[in-house]
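Structure first, then comments.
A, B, C and D are the chain letters, set down in written order, and residue numbers restart from 1 in every chain.
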Amino acid sequence: MIIVMRLQATPDEVQKVEQEIESIGLRPFINPGVERKVIAVLGEVDVHKADLAEHFSMMAGVERVELISQLWKLTSRSYHPEDTIVDVAGVKIGGKQLTITAGPCSVENEQQTLEVAEAVKSAGAHLFRGGAFKPRTSPYSFQGLGEEGLKILAKAREKTGLPIITEVMDTHEVELVAKYADILQVGTRNMQNYALLKKVGATGQPVLLKRGLGSKVRDLLMSAEYIMAEGNNKVILCERGITTFEDSCRNTTDINAIPVLKNWTHLPVMVDPSHATGDWRYVGPIALAAVAAGADGLLIEVHNDPSRALSDGPQSLKPKRFAELMGQISKIAEVVNRQCGTGS
Amino acid sequence: MIIVMRLQATPDEVQKVEQEIESIGLRPFINPGVERKVIAVLGEVDVHKADLAEHFSMMAGVERVELISQLWKLTSRSYHPEDTIVDVAGVKIGGKQLTITAGPCSVENEQQTLEVAEAVKSAGAHLFRGGAFKPRTSPYSFQGLGEEGLKILAKAREKTGLPIITEVMDTHEVELVAKYADILQVGTRNMQNYALLKKVGATGQPVLLKRGLGSKVRDLLMSAEYIMAEGNNKVILCERGITTFEDSCRNTTDINAIPVLKNWTHLPVMVDPSHATGDWRYVGPIALAAVAAGADGLLIEVHNDPSRALSDGPQSLKPKRFAELMGQISKIAEVVNRQCGTGS
Amino acid sequence: MIIVMRLQATPDEVQKVEQEIESIGLRPFINPGVERKVIAVLGEVDVHKADLAEHFSMMAGVERVELISQLWKLTSRSYHPEDTIVDVAGVKIGGKQLTITAGPCSVENEQQTLEVAEAVKSAGAHLFRGGAFKPRTSPYSFQGLGEEGLKILAKAREKTGLPIITEVMDTHEVELVAKYADILQVGTRNMQNYALLKKVGATGQPVLLKRGLGSKVRDLLMSAEYIMAEGNNKVILCERGITTFEDSCRNTTDINAIPVLKNWTHLPVMVDPSHATGDWRYVGPIALAAVAAGADGLLIEVHNDPSRALSDGPQSLKPKRFAELMGQISKIAEVVNRQCGTGS
Amino acid sequence: MIIVMRLQATPDEVQKVEQEIESIGLRPFINPGVERKVIAVLGEVDVHKADLAEHFSMMAGVERVELISQLWKLTSRSYHPEDTIVDVAGVKIGGKQLTITAGPCSVENEQQTLEVAEAVKSAGAHLFRGGAFKPRTSPYSFQGLGEEGLKILAKAREKTGLPIITEVMDTHEVELVAKYADILQVGTRNMQNYALLKKVGATGQPVLLKRGLGSKVRDLLMSAEYIMAEGNNKVILCERGITTFEDSCRNTTDINAIPVLKNWTHLPVMVDPSHATGDWRYVGPIALAAVAAGADGLLIEVHNDPSRALSDGPQSLKPKRFAELMGQISKIAEVVNRQCGTGS
């Protein structure tokens, strides 16, 4: 931690900061800069450093406090240099294998779900996705089938062998969803629902954590830290578009976040081009871009009849287009030294 | 609803859209524009129109669908022209009275809480705020005292007579918090935690809903709609800063949102300059600006010893500075035809 | 300057950084932190420090370089603690007086211009604004009357005595505009047109510099630094809205920028609520908010027939509404210890 | 154009809007919606429609005006369905060929420039880039060699045969830069410097137009429209990162903008991953992503000694790393059906 004093700080103010540093068992070191006083704080500053930094920033004469290292720890690559590989019923996420998740936005009924599941399976997807509990901006929109939807998802798994991933929106439903799902998804609107993060962390099951629309990469890592702090290291991060001034797409895919996250953390990083663009015409290019940039996997919405979809139809691909896209994805994967086969 | 066809749409595509409109009991009307075909959808399009718009936007030949009126209804001023006034144990929010809420970010212990409560009461505050359950970005930061904190808040109410407002972060805790609080606060990170919105809506108690960091004004209204759809019209909206590229303050106070919200909705609008700036030096100017722009009230963090605060010290005012600010607030209130007295 | 080394930096890498620091005549000091090596650079690091920081950030083993003080100098309050007051033909901007500039977006013809000028003068405005050269997003929109417009502005000044402010868009036109204008306006789209900044700086005339839509407060100060580096300290800054994800108004007024700028710089700060909102219904509330937050003045668009205006009609006030607003502005000014009389 | 009336609009207000439509030679058609009155404007609404829309939006009883088609025309794919291919001394931009531009941020001296030019040529680049006039945020940073730099660039072209692209920052310098450059670059800070756009348009030479940091895709097209309105259709668009709340990279690469632009316009689209990330470690992944998403070319900064670069060292690749990247780029190009050979 580095404490930068104001240009006009008095000797007395500097001294008080030094005493305060010593009073908490650390050592101050004054860098005798020409411009202004800068005090380095020596000693073990632990994970509580954010609170400490706030404390010092309130003291008289202090201009600001700079933290030298990041606030996250369990999620940091500095402390865990090797890539984490999350194993989901044999499907590995985060290693050499590129992992493709596909399926409809919502589980609408058994027939639709099984049809799409068969289609994405035969196109080469590794995981099946579908929403039973749906977070909708409007209270009047379709909210999902609930447990009925979970049962249909389980049937789809039975038929295709694909592990399933589905969203959990509330602490009350974690137990229920965990009974059916292979991966628990925490959605973008709940990225900082800390009660939910703790609860899914405590299940020990794999968790896919979607980045909030207005959340920085560093906030995403802090939310992942909440899950890992519960002893659960099976966390998969997901970039799904952020909110910016650009309005030609629903959101702006933060493609930079992929190499940044791969640099900062050991956790696998997936990308959801369907939600990030909101437009099926752009899903293909952005899916390929994500793989080229180093993503560990993709979440793609596929629906057998998008114009009849009960949610997010405009961003869903038809199975045929998805199958074609899988062909291109595999080739891009090879160029960046990944595999996209089903491993069979 | 207006359906704009592509420049290259075929007569067959136009006809199919017309048939689809009729099939759901509405009437199509083609505006014979020179540039391109535009189809108006006549008839009662209800609150499900967002889903309908998605549906049509997927049809062949359609470029885009424009909704004519907004998606919110219960929160809309069009349907409820008069200002809603929320009555909290006799304190009125949303009328001629300007309502000031003040208190520490976190409830830390009884002595601190009671001291601050007395101080803000004597400076003229109408409501007392303090966090018992704290949403913190880092899992290692102080998370609040929980029920112990609620009990201390209740004591502060007993001593000062000020109704209390405190945050609830999880559906599991709604019942508990509702037992102590006069106003339930839904924080910025939970603005789209729909399970929580429904649950606080169902209590029938006043709810203060903070805008999400990355949420548009229209999304805030949709979240309020969730609460009102439960039959609870005691909703107070709160602007508390949004996330933008500007980094000189923690967030950017969206001052424009105040007159926009007053125009679009009948619900009261409060502003939290402490979180919106993150810096006590800027709290005063932004508080005054919010009142001048037409806010119905303010939430201001006050702490008797900010540098010892367990959370958000840097943005807290000392009681003396708060009292001075109250003087200026009262005068600005008068200019914009509001009152800020305690009514006694 | 503080150089933070990577956790894995080798002793050799650290040594090379130290040698490089010495080779440019400065002294390295290693802060023996527990977490990682941090090297302070001691000695006079001047305005070229940005280039130096880039240089060190490229060296092996370096994680990042933190600058201790800001990059701006002439504009900084640290080096010039007293407020700068810009005198424009007797009208003072930046002192106790609040300065109101009003007028139409574009100069359209002599009659309209003189009418509006008389109206704003009698309502108490101190300066008259109007565009002769108009930056329009579309090449097909009205581009302004050019020199003819400047002549009309000069007539308005003659009739009313109000000094005039008008935009200059190109280095070729600086001389021409400077012949007529009392204040040269550099528009939001040209905030980083450095050739133009240098040229208006060299005139020695007062310059109003509008913040770019996508520019941080610190970038605005760097652009002001370009003008001041030409020996011209008559610079007035202007907040006019930034581009964010919120789309309920044309732009988001960054109200926080007012106290931040007043803290960081000695230059006067004006606000343009007309462009910042793009909607006449919101101009009044935001104008009052800006004054309450500490702005030194306002730019307000006034048109005698907004629906016939050749540009920006939707954000213009009619003279009657402007006169009413001036009454409220004066009262708010008093609360924050400013005067808004015409000084007569 | 569609005019949406307020819910409370009076019959008289509706009639006045209809009369106004007729008075300008167009025909009104009222869509008798249940919710509120919607008036379609029939007839030829030309490029002045933005002004017209503003006019109607000011009339009493009008809520808002929706334009049915976009404001750009010459740049629109609707009016020019085939891809535009810009030919620069035999190098084609916008067709099947992927075009790679590489070189140092600044021209520093002859030796450095020629070394880098030879290196990028032998790695397979098609165009050489380098700045002689440099837009720097700080007036104290290196501002470029000016004409001396242009002469060095011309020598590099002579030696390598690579056409050169370099930035022009001011109307005064257009003639000079056009004498040496094959492509005139308009930088991000000048995207809305309309005087400059007109002047480079008038040269008839190819222009590379970089998107502004705070500019929407639609604003980029309007700026391109300025150049094309001068009769110059040799316009190349360039995405180079936008400003958002995310601060882990210098800017956020708007990867979605690539397929959006390819959909909306016939002009070629290049991407500059060096400026968009500001960090050489991320240039490779983002370059590959851009090609995968459908970009027509790339601009990549290459420097033989980045830590000694006079500008933007941190984002420059060494020649060896650039050559490796070219290998990957070629392979990705093939997957998306493009070629990246030098055509020899």
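Here, a contact is a pair of C-beta atoms (placed from the backbone, for glycine too) under 8 Å apart; a residue touches a chain by one contact, two chains touch by 3 or more.
Only a predicted model underlies this, so the values are computations on that prediction, with no experimental measurement involved.
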With one step meaning two chains touch, work out the least steps from chain A to chain C.
-> 1
By CA centroid distance, what chain is farthest from chain D?
-> B
For chain A placed onto chain D, the superposition rotation in degrees, Cα atoms, nearest 5 = 180
Taking each chain's centre as the mean of its CA atoms, how far is chain B from chain C in angstrom?
-> 31
Could you state the distance in Å from the CA-based centre of chain A to that of chain B?
-> 26
Averaged-CA centre spacing for the pair chain D and chain B, given as whole angstrom = 38
Where chain C touches two or more other chains at once, by residue number | 214, 216, 242-245, 247
Chain B partner contacts - residues on chain A that touch it in the complex = 47-48, 50-51, 54-55, 57-59, 71, 135-142, 169-173, 189-196, 212-215, 219, 222, 225-226, 229, 242-243, 306-314
In the complex, go through chain B and note every residue touching chain C.
-> 214, 216-218, 242, 244-249, 252-260, 263-264, 276-277, 281-282, 285-286, 288-294, 328, 331-332, 335-336
Complex contact set, residues of chain D against chain B = 2, 4, 7, 29, 31-36, 38, 40, 42-45, 66, 68-69, 78, 214, 243-245, 247
